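Each of the next two complexes has chain A plus one more chain, namely chain B in the first and chain C in the second.
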Partner chain A sequence: MKKTISILLFLTFALILVMNVHAKRGSDGQLNLLYWQAPSTMNPNLSGGTKELEASSVVLEPLGRYDENGNLLPWLAEKVPTVANGGITKDLTSITWKIKKGIKWSDGSPLTAEDVVFTYEYCSNPDTGCTQSNYYSDIKSVKAVNSLTIKIDFTVPKPFPYAPFVGYNAPILQKAQFNGCQGARAQECNKQNFFPIGTGPFKVVDFKPNDVIVFEANPNYRNPNKPAFSKLVFKGGGDAVSAARAVLETGEMDYAWNLQVEPEILIKMEKAGKGKVVSAFGTSVERLMVNFSNPDPSLGELRSEYVGGNNNRNPHPFLSDYNVRRALSLAIDRQVLVDAGYGKAGKISCNVLPAPAIYASSANNECKTPNVPEANRLLDAAGWKKGSDGIRQKNGVRISILYQTSTNSVRQGTQAFIKEMWKQIGVETELRNLSASVFFGGDVGSPDTYQKFYTDIEMYTNNFSGTDPQTYMSNWTCKEMAQKSNKWGGNNMPRWCSPAYDALSAKMSVTSALKDRIRLSKAMNDMLMQDYAMIPLIHRGDVSAHSNKISGVRMNPWDSELWNIADWTRK
Partner chain B sequence: MEYLIQGSVMIEKKPHFITFDNEIQHRSLWGDVWRQFCMHKGALAGVIVFIFITLLVSFGPLIHGIDPSTINFRERNLGPSLSHPLGTDNIGHDTLAQILAGGQVSLAVGFFAMLISLVLGTLIGVLAGFIKSLDGPLMRLTDLFLALPILPLLLVIILLFRDTLRTLYGPEAGIFLLIVFVIGITSWMHTARIVRGDVLGIKEREFVTAAHSIGTKKRRIIFRHILPNILSPIMVSATLGVANAIITESALSFLGLGFPPDFPTWGRLLYDGANFIQITPTRVIWPGVFIALTVLSVNYIGDGLRDALDPRLRGK
Partner chain C sequence: MIHFIIRRILIAIPTLLVISFIIFALLDLAPNDPTGNLPMTVPPEVREKIRVSLGLDQPMHVRFSMWLFQFFVNEPLNLLHEGFGITIGDSENRTRILSWSTRSSVIDLIIQRTPQTLWVVGLSYLFGILIAIPIGIISAYKQYSWFDQVGTFFTMVGFSVPTFFTGMVAIIIFSVQLKWFPMIYDTTLVVDSWSNFILQVKQMLMPVMVLALYNASQLSRFMRASILDNLNLDYVRTARSKGRSENAVLLIHVLRNSLIPVVTLIALGIPTIFSGAIITEQIFRVNGLGQLLIIAIESADIPLVQTLTFLFAVLIVIFNLIADVIYGILDPRIRYD
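Let's turn to the complex of A and B:
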């Protein structure tokens, strides 16, 4: 008996010792992250860029966030409010969050409901220029019921009320720190924007915009044994290839983000044995946008403009023909594109809404295998005859496509393949690549933005954060068309307009049962796909790499990749 | 430019019967230049290499019959073989065919852009140096161009004219004209400054004063007496211009302002291949070697020409 007790005692001591060695805050030294696009601010409300959101996510935290499988987890909140647990009212117009007890800001003061209310006020003030304001749309009021309870009232029933204060787009700011920084002064508060006080596992100690950020472990973090690292260096600069090399080949860095690099390069680097490539499939789909309006430069102001009510009176000369669009999709061998440009980081996609899996439609699988003879037959039947130069034409209109995308070697490879594939069906393609900062820059004065879409076809990736597709699917309603009248601020790049689609979208915004929401989402996806308003190509994964010495990385496509950085350790 | 008059020495170029009179042996200027040029071994090697590269990119595609735009998905990232002497790239293009096609474009861009900047730079430099009243305005214009941030300027030019030229001449010829023009118009300033400086020096020399005093017209003075004497700086800036234009073109292509992405040029091939240096090194090495050889050979030619055209160096 005595012996047993002494063994038990010994084991207990040993366990305590082991726990002390392995799970003490700051025991693993410094962690080096490489984000080759360097963050320019630490305030996610003043930037739309993923890099800023990722950087700020180690400091600022939301009430709830998504895990790597897309499940909503309570983060600063005690539990996720639902209709079943009474957190959401039956009429879906109000949600009540309760904050966990005892959470402190890194300066030692307690987190209260007032901070949450303040965050809403900060972002909803139009003078702040808050880039995340769509996460706070349709809110009537945000009130602090008591020091730890927040009640959000919506102006309309919200079947999915988890936009405000959820995910890395909408974390909580400290009221005491940001009080003087609302409205027009938001951009001037450099001290606050660069050194925000947060509840997360780390706090900022040095910030050099577009270069490097240095963090230290937050002494007031809620778990006394975490994070395992005492210091975090967030380095910017370089490009995707050099970032991959720093982790996989030379082992200088522990983690590198966003590695859109040809698969053979990553495979070669991975063979060095220093690190591992990880990918996670979220909702990103590389797709071709089909222009339904005429982009002819001679039209001047009317270039790529939708004219008229339900019928476009400025139709595209050949892409407005359903058979042409279908033939273009049929001619593409998507597996070739995946193998050449994406490898493990890509899958064939026949849907613009490929994930979460419950929303993915299986009605469009025709696109998985290319069918050139059928494409040729369609075009022949529709009267598009090959001319002497081998290019199809009808009534003097040649199928000659101008196809633009951003500068990126993977995208230029894809362009080259698609050009060859379209050549087989008698379609001529001219390729154009534009600097990403111009193409995605959104400058109203530039004709080369993806919103203006002054070409026939354009290619890029789009996705949505979180797991609910309602906002995303409303991107292709008629009122979302990017036009001169809305300064090309809409999201409907194809200028595709269908009253039936708008009706489905309106219905979805008032439907709460998950089963019905799935049905509606699939129907909308199928409508877009079967009319070839967009031609989906590849379901893209986010690709990052981490050193073999780091454990605990759980790549997350639904939230920040650093969402669980408090659990990361060095082996 | 048949006469070169320096000081009181006058060398005349006329068809001559060769006389064996040792005291007054008439030699033509260009004959002299050529003799001097041949003494510069580097320059001679430069000429040979440059001619070789030009012949290679002009007639190579006739021998190596693969179309540079052909994609063969099954033959990606191959090493050198009989059918693909320099291997293939990551989407199955034949590297040799791409380099030959790219060379035609790069050499043409380099040459024509150099020509534009040379003509413009010399014209402005000579006018500014020779005509006093134009000196101020023209040199301020040069300063203005030097001070202009080139990238926004290129953006504006390309935005304004791309679609017009594209509809007039087609995508490739239109962009070619645009790029040649854009590079030419943004690289003449240094030539102009150097030329002006030399003209200012030379127009005060005795032989120009002498020409003035016998009533030679200004135009004639410029063409006969001044231009031949500033040939050497012009030649040097011309050779540098070719290299500069080839490199500028590749930078433009990267920004998406240049040729369509499937249109190979040496600069683009080099840039695209850089990431693949460990997998298919030929993709980087050969465009790099060709750019380096072209630039070097042109520089050596320039160096040799300068020596050959400078009467003070000739014969030494």
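Let's turn to the complex of A and C:
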């Protein structure tokens, strides 16, 4: 009798152990994700939108990707190539990746170097219209050395060669599936674009564009016990507020992405106790762009154009005065903007390059506290006297600012606050907002784009993907100025031009030691900030919410938020 | 009558061509760009390549004639091929109207979205009619009674409070507080068992009722007014003096005559079922044709916007014709020939 009891006890313990030692593949049932902006395709190369990148990241995987702290991890590759381990040549023109052994596509066939080479050929074909082709720039050749080794040769030295095949922008496609879909045919390969075969934890079983995607666990995933969920439903549509409600209040959904909602609403919803709001800070900064050229409509062709000689031949009537720019920045109480419009999704930023943390400069912290008396003193000293209407003027020029941004309730709130703050220093502000698809649309025929910048101040957010700021910081070199000559295709919206800055940028493109790159990046950031070419406002984070029943979520600002979905489980 | 119908159809052809051109020109002139929603990290050269790959570098008249050809020749032939297996010409290499954001066929997208729109918006229209007609009759017959007062109050509320508000209130009461119905419509649900049927009814209930309230409010006001107009006419007095029962007077004589304008109104409203109740679809995530149109507009997906709006225009023209014909049938005094 005793023996039976002890056997029974042993069996019970064993059973409990088996149940606790986690979970077999698919044991946690269905996971419901809510992306209120619905994905329109599963091929990240044909849509650059974050929603599509997020959706495809559970299927398609890159060789390396970033964790939530911005560290580059080997993903499909065995290790991250570096100069030290011989993966990158000393002259920085070549990198060699080795794929892990035994990785299979969801159809059971092996992943080989040929697939990687094909992915490059697919995206670099100009007829494909590949939205990620900037991840494959400056490449001379991509070759398969053997079935698991890929060698990439660059045309120039690349101090940071981790753009191709790294992160959710540049995952590997299966050659066998996409072979007939290169070039112009890419547009017609419906089946391939909606149902890509991948190496990731899930595979697509149903795709309804802009509505819903249904995934199943990939039977050939490399870890036999993962993912814990057998089915993944990726629902789209609706708006951010109700998406938050579905996770935080009704608990119908397990995860909701991109909750740009007034902070007070989120806090209230979170009190229902069903879920948690999480945020992560990448490189996005909401900033004011200061126009250094004259946007006066009477100038015709020369409107907002840079005309030679450090901008002194077509300068802005008042923003070309350093004191005015500095005073405008000093007058802004950024904490008010954070509290009213962003909550958990924002922090004060005094830098245009706020992250990764190693690149963040501390030289500009003056902006953290507003200083209206100092702003007024500066303007007085510079000869800007208040007129009878309370607006400052000098030599017949009134400081009256036309301030534009895209239509969005948080942005209009910010505009209204800043208008009030500037009123305190005798600056008049006229507000203007434009539909996002027009403002960011880049239509050369439209006068209202952010590139043409036909106003004095404009506000938007910009960021860079990945963790290396080299390309981003080169946005404010002289040759990047958005002008008529380059069809407003440049990235330097302030039309701010400094030979010293250009020299730093050029130096960075040939410097590989991290220490020196950090120093250069900080110096460039400080130059921009201390000359007030831009006035940074808020370091913006991504905000999502997940159900309390889901564990394993590690919100990632450097890669897909679903980067580690194979590790998610239901409690 | 036949002559009238043929004449109307013939007039409809140039009308629709003009409409399609106006839509195309408006969309083309609007400052909108399909690469506008891409992240700012995508450089301008890449954007230009994408525009070229979408065919945007060609002049407007070329793009318009291509769209016309695809819409009137290729798409119908393709439907024949896929729907009935009849192949005319080279069906493999026929170019179809492709949506820019999804790169898939616009017609396939529309076919995929139609069921949920028809179910939700169509049913709400039907329920709206079923609610509106009795309310309209009783309120008119017992004018200024308490029923009429209450009915007027509710229809005024239903008519003047927008559906995004009633929808929100419904979600907060029935999903958040009572947890009776889901707030998210599951388009992947296949009704193949009783339990799934119940789920389907549950998820349809809120959007259908919210829209039905709105539709009913409008229609019942018209119904009431129309009956009131008829109640005072001579033929009603004649029927009553002949000694017919009140029921017969109201439900046979008055109702039939008052329905004439209401039926035309209902027929004219049917195209709006297809264009979907855009806002209601968004709130409940029904993701039907209305949501498709909104997303297409937001992402500057010109071929999709163009095709959808043109199809709506076709429906409006057709149902205008149908309304005219029904009017003639219901009211023999009207002759078109």
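Note that the second predicted complex is superposed on the first by the 547 of 571 C-alpha atoms of A that agree within 3 Å, B and C clash if a C-alpha of one lies under 4 Å from a C-alpha of the other, contacts with A are read in each partner's own complex, and residues count from 1 in each chain.
The working rule: a residue touches a chain if its C-beta (ideal position, glycine included) is under 8 Å from a C-beta of that chain, and two chains touch if they have at least 3 such contacts.
Owing to the predicted nature of the structure, the values given are computational and were not obtained by experimental measurement.
*Asks:* For A:Gly237, is the partner it touches chain B (first), chain C (second), both, or none of the two (neither)?
*Replies:* Only chain C; A:Gly237 stays clear of chain B.
*Asks:* Can A:Lys208 be said to touch chain B (first), chain C (second), both, or neither?
*Replies:* It touches chain C, and chain B stays clear.
*Asks:* So, A:Asp448: does it touch chain B (first), chain C (second), both, or neither?
*Replies:* After superposition on chain A, A:Asp448 lies in contact with both partners, chain B and chain C.
*Asks:* What's your read, chain B or chain C touching more residues of chain A?
*Replies:* Of chain B and chain C, more residues of chain A lie in contact with C.
*Asks:* Examine A:Val83 and indicate which partner it touches, taking first as chain B and second as chain C; both and neither are also allowed.
*Replies:* A:Val83 sits against neither chain B nor chain C.
*Asks:* Looking at the overlay, does A:Ser465 come into contact with chain B only (first), chain C only (second), both, or neither?
*Replies:* A:Ser465 sits against chain C, while chain B stays out of touch.
*Asks:* So, does A:Ile139 touch the first partner chain B, the second partner chain C, both, or neither?
*Replies:* In the superposition, A:Ile139 contacts neither chain B nor chain C.
*Asks:* So in the superposed three-chain picture, is A:Val438 touching just chain B, just chain C, both, or none of them (first/second/both/neither)?
*Replies:* both
*Asks:* Contacts for A:Glu264 in the overlay, against chain B (first) and chain C (second): which applies, first, second, both or neither?
*Replies:* The answer is first: A:Glu264 touches chain B but not chain C.
*Asks:* Let me check the overlay on chain A: which residues of chain A are in contact with chain B and also with chain C?
*Replies:* The answer is residues 438, 446, 448 of chain A.
*Asks:* Would you mind writing out the residues of chain A in touch with chain C in their complex?
*Replies:* Touch list, chain A to chain C: 34, 38, 40-41, 43, 46-50, 126-131, 133-134, 184, 186-190, 193-194, 206, 208-212, 214, 233, 235-239, 242, 245-246, 249-250, 252-253, 436-438, 440-443, 445-446, 448, 462-465, 487, 489-491.
*Asks:* Per the contact definition, I'd like the list of chain C residues that touch chain A in the complex.
*Replies:* Per the touch definition, chain C meets chain A at residues 31-33, 35-50, 52-54, 98-99, 101-105, 109, 112-113, 171, 175-176, 179, 182-184, 186-188, 282-287, 291-292, 295, 298-300.
*Asks:* Across the complex, what residues on chain A touch chain B?
*Replies:* Touching chain B from chain A are residues 241, 261-262, 264-265, 268, 297-298, 336, 339-340, 406-407, 409, 412-413, 415-417, 419-420, 430-435, 438-439, 446-448.
*Asks:* Okay, in this complex, where on chain B does chain A touch?
*Replies:* 69, 71, 73, 76-77, 90-91, 93, 155, 159, 163-164, 167, 171, 254-257, 260-262, 272, 275-276, 278-279
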